[in-house]
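Structures follow.
Common to both upcoming complexes is chain A, partnered first by chain B, then by chain C.
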Partner chain A sequence: MDGPRNPSTIFFQYERIRRSIIASYWIVIILAIPLWWQTTSIERLSLPSSEVYAQAEAHRGFQLPVRIILDSEFTKRDNSLALEVQTVLKDSSALDIRVSGSSGRSEGDSYLVLPSESQEIRVEGRELFFPLEKASASVLAKTLASFILPDKDHRVVQYSPRYRLSFSLLNEDSSGGQVVEAWDASNGIARHIEPITSALSVLHNFTIESQAQFYAPLAFEPLKLSEDEAYGLTPEQLTVFVNSAEWTLSSSSSNDPVLHFLLFVPSASRRPLKILNKEGKPTNSNSFLIPQWGGIVIANLPESPSKIRLSTDDLKSSFTTFSQQLLTLLGVPRLSSGAVRSRQQPTGWQIDALLRYRAIENVVRTSDTLRSTVSLVEQIPNMPVGEKVRNDVRDALKALKSLSSSSNMTLTGILATSRDALTLSQKAFFHPGMLALLYFPVEHKYAVYTPLFASAIIPLVVAAMREVVAWRKQRRGVQVPQG
Partner chain B sequence: MYLISTLVLLLCSSTIALENLVLEEEYTEYLSIRSLRDGKVASSFSFKTLLRDASPRDPRQLSFDDNQDASQHYTLFPLTLGQILRQYAITELHLTLNAGKWNYDSWGVPDEPGVGPGAELWAWMADGGTMSVDHRWQGLRNALAGLFCASLGSLDEQRTTSPQYAFPPEGTIPDLGLPHQIRHASHASEHVCTENLTPFLKLLPCKSSSGLASLLNPHRLFDADWHGMGIHVLWNPDGIEVHLNFQLVSDPLRPSTVQKQDWSLESLFDRTIQKSCPVAVTSQISVSLPSSGMYRITPEPHTLQGDNAHYELGSSLAEPFNVGIEWAGELEYPSALRDSSLMPISIHRTLQGPTQDKGRLLVTLRNNGPNELKVLYLETMPWLLQFYLHTTTMHIDGIPRNDLISNVSYILPVPHYQPATFESVLTIPGNATVRYSVDVTKAFLRYTEHPPDAQRGWDLPPAVFVPSTDSLRRMYAPALLVDLATPDFSMPYNVIIFTCSVVAFIFGSTFNLLTRKFVVVHLPEGN
Partner chain C sequence: MNLFRTSLSIWLWLLASYSFIFLVSANDGNDMYHNDLYARGNGSSSSHTNNWAVLVCSSRYWFNYRHMANALGMYRTVKRLGIPDSNIILMLADDAACNSRNKFPASVYANPGRHLDLYGENIEVDYRGYEVTVENFLRVLTGRLDESIPRSKRLLTDRNSNIFVYMTGHGGKEFLKFQDNEEISAHDIADAFEQMWQGGRYNEIFFMIDTCQANTMYSQFYSPNILATGASLEGENSYSHENDNDVGVSVIDSYTHYVLQYMERVNKTSKLTMGDLFTSFSVPKIGSHPGVRSDLFQRPLGGGDAMLKYGTGEGWRELGEWVGREQEPLKVRQAQTGERRAALVTDFFGGVVDVDIGEDTDQVESSASEVKQPAIKGSPKPPQRTRQTLPRNPGLPKGLPSVRAWASFLLIGVIVSAVYVQR
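Then we have the complex of A and B:
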């Protein structure tokens, strides 16, 4: 009689077959792991962090060469004057300043100090006329220092290769008795603003626009002054003067920073509108500046006639103020007291000083941005870093290095390189690809993986363990009879 | 003339030269009010600013990264709009944002033809230079979306078409030696509201502080049965003209207890005109006088022209200005209102079919006149709905008349990318009703393509009909709503768990079957 067939004799119940089935499952899983890793991991190229930190340290002492030549008249009077001036200047600024005495003309981009015939200090191009009698080391150094590198000023706007200059005529309330219908802004700009913009064209490009508004109410009530029929703006009110909710000033069509210049005409019932000082006394000034934003001029016009068109002559004083405000906002250094310019435009000294100021600003901002990029990437382990970001960081570093290594660059060249470095570093920092996987946290992944993998992996593990135990038991069983 | 235009071009191309040009600007405002035969009152505000001797920008002066541009000096012309027009070199621009359905049959011809539901934007642009027309179109709608706080950014490639005949330029096309192209997009589910009105008012020289614009009271405007605003920019040899308009149809019968059609500025807008706008050249109100019934209009009209009473707001107002009409008796609905239409054709457009994958688009057109009429018919259909053109049929009283369809042009939709453009000319015999129908299939969307309120369905843009007798009088058919197959978005995690359980169950049982070890167990005998 046949008993039931021994199942271990069926081919798929062979020990070898079963074990190879289990093994093949595991082989597939192990082979698939790299693929899974490849498809789910974030592309994170390594950034040159150590170089970025080293560069940031190195640029604390970023130096620009300045050559000053004293005329032989000065050195004749005092042989050591050049050296003394240099020592004083070097102590006060971080630039690579060299002062020498020479009788020859200037070579390249050096600055000349020439004796002046009169008592005044006069600037022309890159030449400074200085009265011989006043020329002591400290006085000369003090005058020169203001020409070489301006101090940091919080009113100056951040560097941008392009600005929009927006001129607005604001009637507070044009139905209240008087309306300024039009203003000859284009002529005023051509006379007072364009000399500046064309002189500064090595630094920035400008787009100019003007508009008029007929209802530009203030968001607050100006103070009524008791003594005469006047109204006043306290220093606190000046800080909230711009009513951006009601005045359509900013434009949405470009990303360039805008500098606003407002000619504010108070309504007929609120004239004259004066600016008060801290004690609440009216001042003579009719204009004020909002740091890094723009300038405002208050025009208290005569009551009649009811409709006015402001001509170029009417606007002369306002546009002169605007041009001063523009110079301040752009950081054009002021000449030290007593110095006169031959023309209204910024002189070569001022432009050069501004170029230096902007180049140093850009270098500092670039290395700050690079450092932030690197530390941000270090802080967030989920942040992807693509090829573009790495290349931008590398190129920005390269530009920074080229700035510190080559001393024969012109100032405009230095500014252009520093600008490129800044643009590249900002492009890296704001690269949209770095945001891609930030919103896909690890917890989310596990929540999706576990329901599938946990339930599939457990039978696999259990089967493998059971088979290993069985195999070891079998081996021991085989070994025992031998021993 | 040619010499002058060359000179102007030369001046424009030079940065400095343009600044010396003094541009003259002119601002006029106009309000027309008319009583409709169903008792409602239609008001139409129109604010026009003319920038004399200006011309649209030549796109060849545009370049990609360097937007070096001449200075722009404006006084009355809105600077924010001017910047957009220059930056994208737009020749002609029309943007309308409307809410509601314009009832052509009983309200007649609207003062402004752009009364399609939702947002509609179309622009004519010269083609040339480094920036392509599509690139500028994209920039334009994003800039306008920012300016008007409307989701015009969604008027993307999936909604943009270039219909050839339905939207001819309303101004003149300048002779730049370049071909001009049109881009058109509409979005029926975008509605107009206060956040769009505020930037609209800021474009006006007097904002809403004085003049006719001071009547624009958002509480009343958006309470009206139909309301909409439009921004139109066009060029003609005089210069560039910006035309801002706001239309509304209010119902004076709704708040009143007696059935009287009386209205006044105060009852319509809850405001009177306190001050006139000092920079407006003319500021005119025109009231169309009713043709029947006993009524009194106050104050006395300044001038009368035919059926219209005109009021001219001077440069200063002695007292607040208000105008109104009072009727002697109650409103009597015309008995024939249902049958007679004020338009040459009446339009009905419906989408039929209960299923989520197939349907039929049915358009019923009635010619209200005795003469045969040719009508241009335009469908700009997103790919959500795809036509089977071979099923197109035309019927008059059940008799097929496919000969009435001619000049068919059809641009196929590209799924997930481009809408279909269907243009044809339909001929409607006098006093006849034609039924046009075509079978459609509804698209099956990807998971991510559904909007946040997926169950609501998709608004389809209105069809446009242009009678051949008057090519500028477009008529819009109402928008349609299509219900597409929508997944259940509420429980994605449950779906993951459920799917995983099934997969794990199948995997587990297969694996067990493959690796199970069978043994024979001998039971001890004798129990």
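Then we have the complex of A and C:
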């Protein structure tokens, strides 16, 4: 053999072929760049940020109209009463309250204050009966304020369109002599709970379940009281009363919030089980409420017989307590002392007050959620924003705007719109697509890309450069003889 | 270009702070009602009404037995202290109990004598095996789960929830490995917590992590009401505690072991404070230097003078890491005037805080009357050490990473031009 072959005689070293090979590599790379860009970039649609911030400002001016009409009997006694009451009420709340004297006709949505025949204050539907003699501006305003908008209460659960109510009968230890085999829960629920749930159906959708358990031990020993044959639960023990490790309290079939109601039957050897106050003295109460969780009633039954079925009558007091606890948990305002409740449990005043409370709560939560969504997207550059999220944000904004612009909506309509707005904003915020991609520091990117690409790119770059240099030399070489 | 960018960011910052001040003042002026009605819990009282726990063991394989034991030990403790299974999210590779190498099938032990079977009879693992991923963890925290995910796999918290987040596994500076496959960085967790705060998903968080260089994992947090603690300093390993010769591997990590040992002294109505827990950390026993971060946390930690002297004494080379040490005396003073209650261990591990018996019951003031110092059981024999980490990463001053990035970029340029020049 006569040494290495001359490269220019190898077919792939022909100038044209060699250059097209190198060029084809570069063409592939350049064509692939948009694809690479497309697949590695995050879809971030722009959200209507400025509108969201403007809306957050605007909701603070969001006011719900309240019309109160005083009977002519009141205005006859004191001409300026209506105006005075209105001034007092205006100071204390964010509602658009108008108090006027009777004009002889009552509008659909207004509340009437009528003179009461007796000394007591009575509520009937949307009418308040108030004794004439007591009707000074401050007293009347104070009474009205509690009906119009409830105060914030830490026991009230956060608003949800759906709740599950779980009623449980818990025998602490049915092997201890006595067992409550069954309870007429369905009747108790029908009598005491369903009037509430149906009255509040404009606010929430309720699902009700019940169960009975025969072994539900406590996780601690109740105190034995020395003076009489009784056992006591200290306030501290009440906080750990629910033994959730061993009691199965509700099914986990849905994601709706659950409100629990427990009827606890202490074992025969630990009766009566009383609730102690802070000084360690037994109280008369046999029930307590865990904020935002539910209510518990302790049933100290007589020792015999050994097997019991709790009838509707036996359950009357327990379920009355449950119904009170349910009202507290759902935030139905208490009528101020002195007011006598009417036959219907939550009166029109109370439901309206709750509707207002929830509507305002929803509006505030919605605009908070929207603002959080927008600011998070700004703050975290890797967070994707898809079309669904953007649409949900827009729809929520639209719903909020319709609330502040339209003045002729009914209270129920306002609540429904605010609920939709809240649901949409939550859907946008918690959209599964809104997961920020993992944080990669610059070093990580280099560490990933360098071993992958550097080894391939450097020879390509160098080959291209050599080719360019060769081409330039060649051109010069060709040009020189010509000149 | 750079100058332009800098000035732009300064302008944006000024604008943002201005609008913030405007918002706050507008808020003060006209709308006391909304403020009152929807005020966020600021930790001034124990305003939480429910407790949740997220326990993550991010390792798999038999030789990481101890990480599973760590997580299961915590699981047992939070359950004992009153958090129901429905409120515990347990993420566990779960390949130890039924591993073919396990001489004691269906059991996981955390001590050499094998006294207590942590796997027991009532374990609810919510994310198992290959479901333990960074993505799932972040989705659980932020609530961004698909609609089809069942209730038991969800963290259904609200703004009245206190959450205990425990993580264990192999890690390094500002990252934690998930099953030798991917990593979560401190930034990811910090961003997730911020999203939770914005979304109204917690009242307070207690974050605990046992891994190498654990303290770096909470360094990026920026959301309010988070209390954090970790097992070891930046650049320092965290160690396993003991081997069991029959099981054949280390059965628990040192830091977690001593935390769990302390937690055995806590019961549901205990008044022990977080400060009491932190002051129980002993460097000679744990073998690494645990850290605390409380600057984002509103309430004092309790623990009295011993806590104020945290990080001094036997075993500490220098003053121990406690971010938020300076704020503590002020918080303690506020606690004395009754504004803020010291953080109890049971605030994060227990059940509810107060109940309502018709009339409101006032909070019982905490008096740390119980045992403060855990008596040391057994002989203080030095624990066997196993390395638990990836190669350590020496601490870099801030700004150096970008310098390094540019340097590598330049280097490539130099190589290319060198080749070019040679031609």
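The working rule: the second predicted complex is superposed on the first by the 404 of 483 C-alpha atoms of A that agree within 3 Å, B and C clash if a C-alpha of one lies under 4 Å from a C-alpha of the other, contacts with A are read in each partner's own complex, and residues count from 1 in each chain.
As a convention for this text, a contact is a pair of C-beta atoms (placed from the backbone, for glycine too) under 8 Å apart; a residue touches a chain by one contact, two chains touch by 3 or more.
All figures in this text were calculated on a predicted structure; none of them were measured in a lab.
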Checklist entry - Is A:278 contacted by the first partner chain B, the second partner chain C, both or neither? => result second
Checklist entry - Is A:242 in contact with chain B, with chain C, with both, or with neither (first, second, both, neither)? => result second
Item to check | Touched partner set for A:429, first chain B, second chain C, both or neither | outcome: second
Next on the checklist: Contacts for A:25 in the overlay, against chain B (first) and chain C (second): which applies, first, second, both or neither?
Outcome noted: first
Checklist entry - When the two structures are overlaid on chain A, which partner does A:42 contact: first (chain B), second (chain C), both, or neither? => result neither
Next on the checklist: In the overlaid three-chain picture, which partner chain does A:254 touch, first (chain B) or second (chain C), both, or neither?
Outcome noted: both
Checklist entry - In the superposed arrangement, which partner chain does A:230 touch: chain B (first), chain C (second), both, or neither? => result neither
Checklist entry - chain B or chain C: which reaches more residues on chain A? => result C
Next on the checklist: Just to be sure I follow: which residues of chain A are touched by chain B in one complex and then by chain C in the other one?
Outcome noted: 252-254
Checklist entry - Along chain B, where are the residues that touch chain A in the complex? => result 16, 19-22, 67-69, 71-76, 78-80, 83-84, 87, 143, 146-147, 202, 205-207, 209-210, 275-279, 493, 496-497, 500-501, 503-505, 507-508, 511-512, 514-515, 517-520
Checklist entry - Taking the complex as given, what residues does chain C use to touch chain A? => result 23, 26-27, 30-31, 33-34, 36-38, 47, 49-50, 79-80, 82-87, 134-135, 138-139, 142-146, 150-152, 154, 156, 158-160, 182-185, 187-188, 191, 194-195, 198-200, 268-269, 350-358, 361-362, 364, 401-402, 404-405, 408, 412, 415-416, 419-420, 423
Item to check | Interface residues, chain A side, partner chain B - complex | outcome: 3-4, 6-8, 10, 13, 18, 21-22, 25, 169, 173-175, 179, 181-187, 189-190, 205, 207-215, 248, 251-254, 307, 447-448, 451-452, 455-456, 459-460, 463
Checklist entry - Can you list the chain A residues touching chain C in their complex? => result 57, 60, 92-94, 152, 154-155, 158, 219-220, 235-242, 244-245, 252-255, 257, 275, 277-278, 283, 285, 287-293, 328, 360-361, 364-365, 368-369, 372, 375-376, 379-380, 429-436, 438-439, 441-443, 446, 450, 454, 458, 461-462, 465-466, 469
